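The following pair of complexes shares a single chain, chain A, combined with chain B in the former and chain C in the latter.
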Partner chain A sequence: MTAVVEVTGLTRRFGELKAVDDVTFNVEQNQIYGLLGRNGAGKTTLMQLLTGQQFATEGSIRVFGENPVENAPVLQNTCFIKESQKYPDDFQPRHVFKSAAWFFPNWDADFAAQLATEFRVPLTRKMKKLSRGQVSAVGVIVGLASRAPLTFFDEPYLGLDAVARQLFYDRLLEDFAEHPRSIILSTHLIDEVSNLLEHVLVIDEGRIIIDSPADDLRGSVTNVVGAASAVDAFVGTRDVLHRDGIGGLASVTVGALTPAEQADARSAGLELSPVSLQQLVIRMTTENETEKSA
Partner chain B sequence: MNQLTECDVDESRPIFLQIAEQIEGDIISGVLAEETQVPSTNEFAAFYRINPATAGKGVNLLVDEGILYKKRGIGMFVAEGAQARLVAKRREQFTTQYVRPLLDEAAKLGISTAQVADLIRKEDRA
Partner chain C sequence: MSAVTARPRNRALSVVKLHLANPWATITFPWIVMLTIIALTVLVWMVVLANIPDASDQAKAREGFGYSGSSGFIFVYMIVVAVQSINTMFPFAQGYGVTRRNFAIGTAAYFVLLSAFYAAGLTILSIIEDATNGWGVGGSIFSVGYFGDTPAQRLFVFFAILVLFFFSGSAIAAIYLRWKAFGITTFFIALSFVLVGLAALITALRGWDDVGAWFAATGLVGSFAWSFVISLLAAVGGYAVLRRTTPKS
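And then the complex of A and B:
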């Protein structure tokens, strides 16, 4: 495998705050990554660093083997779709698409036109007159039709309705299959995208706490539910990620169970249920806080 | 071609295993007949709305097991005898997947094995 992004010991400090804190990871070529985490976890700062819009305080960033800062060849191959992209006052969607063709060597104008029809983006209305969702759709279209070898979507769909989001996921998968590239998708809608992702990065308080193939995370934790005494007896000395209880009932999140352990749990009258990627991220990113306050 | 089975992947196991099982199910039911071409990895990915690499892993698992085979430059086909082999495999799993959970649940409710057998016979006649 070839890494298109190599990050080593990267830190970005704003005064006292470490927005990105000693982070090391790679992004492999032609995979879809999910960059997940809570508000203010450092996702956007990290993507700004990778696209040369912020300077590292410490550590090194290599994108296509080079430093991205003011590096035109690297930035031509990189597309960054932001949550709230600003456009010149008089711009209409057709102007956005026309100028995108100057920046991105792989720009596909026909694909952009097709997407504009599908997303119902009016081509000749001023950007500032468009609805929130339509502005987001323009960003999504630029991100897809640019076919940049490294594409970042940072919460691309503020205001997009469920139909438009599904359209985005479908077109993303189709076009990715035809034109493989590295895609980093940052989103809070984890349940919606979890099946699209090949690799998951979870960032919390500036640190990468999960860096794993998506399929490895499936079944990596399990909820065990039942009578509190039976749950405690089964859990024993295992690491517990989370615990809930009402009355005599307990629900505990633990690590992966072997088939034999699952059979044991079931014969002890316990219910086992899988934990979704979204729940896993919630568990991992709230647990840190309880640990600290404890 | 008949309609492939829609699939809601769950969170408990890797998606590629679930996709492989879906394809196996469609071979057993005859939707995907022996010696016919199956959809490409990208078509599976679009249909099930999953990452193409994951779909590829599921398909390759079946290639490794000899259920599917590749014709160079043309695509993927269902192997001869695949249906019978999959039925045999599912029969072996029938006890652990269906009979054991049934008896566990029956025991919880105080239903004896003999009563379960009676219930099965009654249901079968109905």
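And then the complex of A and C:
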């Protein structure tokens, strides 16, 4: 495996605030990464650091083995579509697609045209007159058709309807199969993309709290539900990620269970259920607050 | 380790093309407005003359036709073009993976190109103005004394003014992009202090006559040639500001 991104001890401070706090991780080549986290967790700042738009306070960033800041050979292999990407005032979608060809060496104009039809993007209307969803679609099309070896999608689908989002996932997977590249997808819609993701990075308050292959993560925690006394007896000294209780019933989220442990739980009358990626992220990023309130 | 598929491309040249991708606002529209302004101004002059029966009174009226500020439209409009080409184009180009350096080089080239283009256009209009005896009514929009006496002088003066407006407009836009309203306010307060201070200094030294003498000695073309120093300072300053700017969403 080859790392296209290597980040070591990276910190970005804005005054008192540490938007990115001593972060270390790699992004392997030709995989789809999910960068998940709450609003203000540091997702956009992190992606801006990786594309040389933002400047590190401490630590090192290597993209394709080099520092990305003001590095044209590195940056021409990246594409970063932001949630609220600004477009020049008088540009129409056709100007966006025409000019993209001058900057992305792998730009596929036919693919862009096909996607514009599928997403129903009007080519000759001013960008500022498009609906929120249509503007997002333009960004999605640029991100896909640029085929940049390192592509960032930062909340790409503000205003996109369910049909358009599904179209995005389908086209992303199809095109990824034919033209493998490294993709970092930042999103709130975790359940929708969980099948797409090969690797998950969860960032909370500037720190990476999960850095794991998506498959490992899916089986890594379990919900245990049953009578409170039975649940407590079973849980014992295990680490509890989350606990809910109503009357005599309790629901507790714990780490992975061995088959023997699962059998024990069932014989104690407890119900076991898997935890979705979205629930896991919620558990991990609200951990502190629930412990306080519990 | 390195998966960079380096295909050498002139990214600065691509930035020039990016600025020209939609020529409507920067090329087509300004000329439509300029030609409309010429037509309306000449029409007004014709109406004025038509209502003055006496020939000597007509001559007096024509004196007033000598100083139309209509051509100022192009210069002011180009400040807007300069501001927009930083304010919206810089964040856009960053998303396309353009370095600040290549953006600055391409944008500066675009400004110089556009200045030459508009200076040439305005000079051609001034030649037409001379050839038609002031659009047939003795009016002056482009062949005005403060733009120079010959087409060659005017070409130079138009070019110098446009370059100055483009680069100072873009420097102010860069300040806005980096520090928002706070930066603009601070900059203009500081600039006001510098200018007022300079004026106070000249007054205190009783130097205004010397200043006037300097301009007279340097001449019109010479004075405008000095504006390139200010333009260069604005260009370098604007780039210095942009070098550490992150586009905000």
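Convention: the second predicted complex is superposed on the first by the 287 of 294 C-alpha atoms of A that agree within 3 Å, B and C clash if a C-alpha of one lies under 4 Å from a C-alpha of the other, contacts with A are read in each partner's own complex, and residues count from 1 in each chain.
One rule holds for everything that comes next: a residue touches a chain if its C-beta (ideal position, glycine included) is under 8 Å from a C-beta of that chain, and two chains touch if they have at least 3 such contacts.
Note that this is a predicted model, so its numbers are computed, not measured.
Student: Between chain B (first) and chain C (second), which, if any, makes contact with A:P274: first, second, both or neither?
Tutor: In the superposed model, A:P274 contacts chain B only, not chain C.
Student: In the overlaid three-chain picture, which partner chain does A:R218 touch, first (chain B) or second (chain C), both, or neither?
Tutor: After superposing on A, A:R218 lies in contact with chain B but is clear of chain C.
Student: Identify the partner contact of A:E83: answer first if only chain B is touched, second if only chain C is, both if each is, neither if none is.
Tutor: Only chain C is touched by A:E83; chain B is not.
Student: A:I190 contacts which: chain B (first), chain C (second), both, neither?
Tutor: Neither chain B nor chain C is touched by A:I190.
Student: Considering only touches as defined above, state whether A:R266 meets chain B (first), chain C (second), both or neither.
Tutor: Once the two structures are laid over each other on A, A:R266 reaches chain B alone.
Student: Per the contact definition in the header, classify A:V202: touching chain B only (first), chain C only (second), both, or neither.
Tutor: After superposition on chain A, A:V202 lies in contact with neither partner.
Student: Check the residue A:Y169 against both partner chains and state whether it touches chain B (first), chain C (second), both, or neither.
Tutor: First partner only, chain B.
Student: When the two structures are overlaid on chain A, which partner does A:I32 contact: first (chain B), second (chain C), both, or neither?
Tutor: first
Student: Check whether chain B or chain C contacts more residues of chain A in the superposed model.
Tutor: Of chain B and chain C, C contacts more residues of chain A.
Student: What residues on chain A does chain C touch that chain B touches too?
Tutor: On chain A, no residue contacts both chain B in one structure and chain C in the other.
Student: Which chain C residues qualify as touching chain A in the complex?
Tutor: 1-7, 9, 11, 14, 17-18, 21-22, 24-25, 84, 88-89, 91-92, 94-102, 244, 246-247, 249
Student: Residues of chain A touching chain C in their complex?
Tutor: It is residues 2-4, 29, 44, 48, 51-55, 64-66, 70-92, 95, 98-100, 102-106, 148-149 of chain A that touch chain C.
Student: Under the touch definition given earlier, write down the residues of chain B that touch chain A in their complex.
Tutor: Listed in rising order, the residues are 9-16, 41-42, 45-46, 48-54, 57, 101, 104, 108.
Student: Residue numbers of chain A touching chain B in their complex, please.
Tutor: Of all residues in chain A, those touching chain B are 31-32, 169-170, 173-174, 176-178, 194-198, 214-216, 218-219, 222, 266-267, 269, 273-277.
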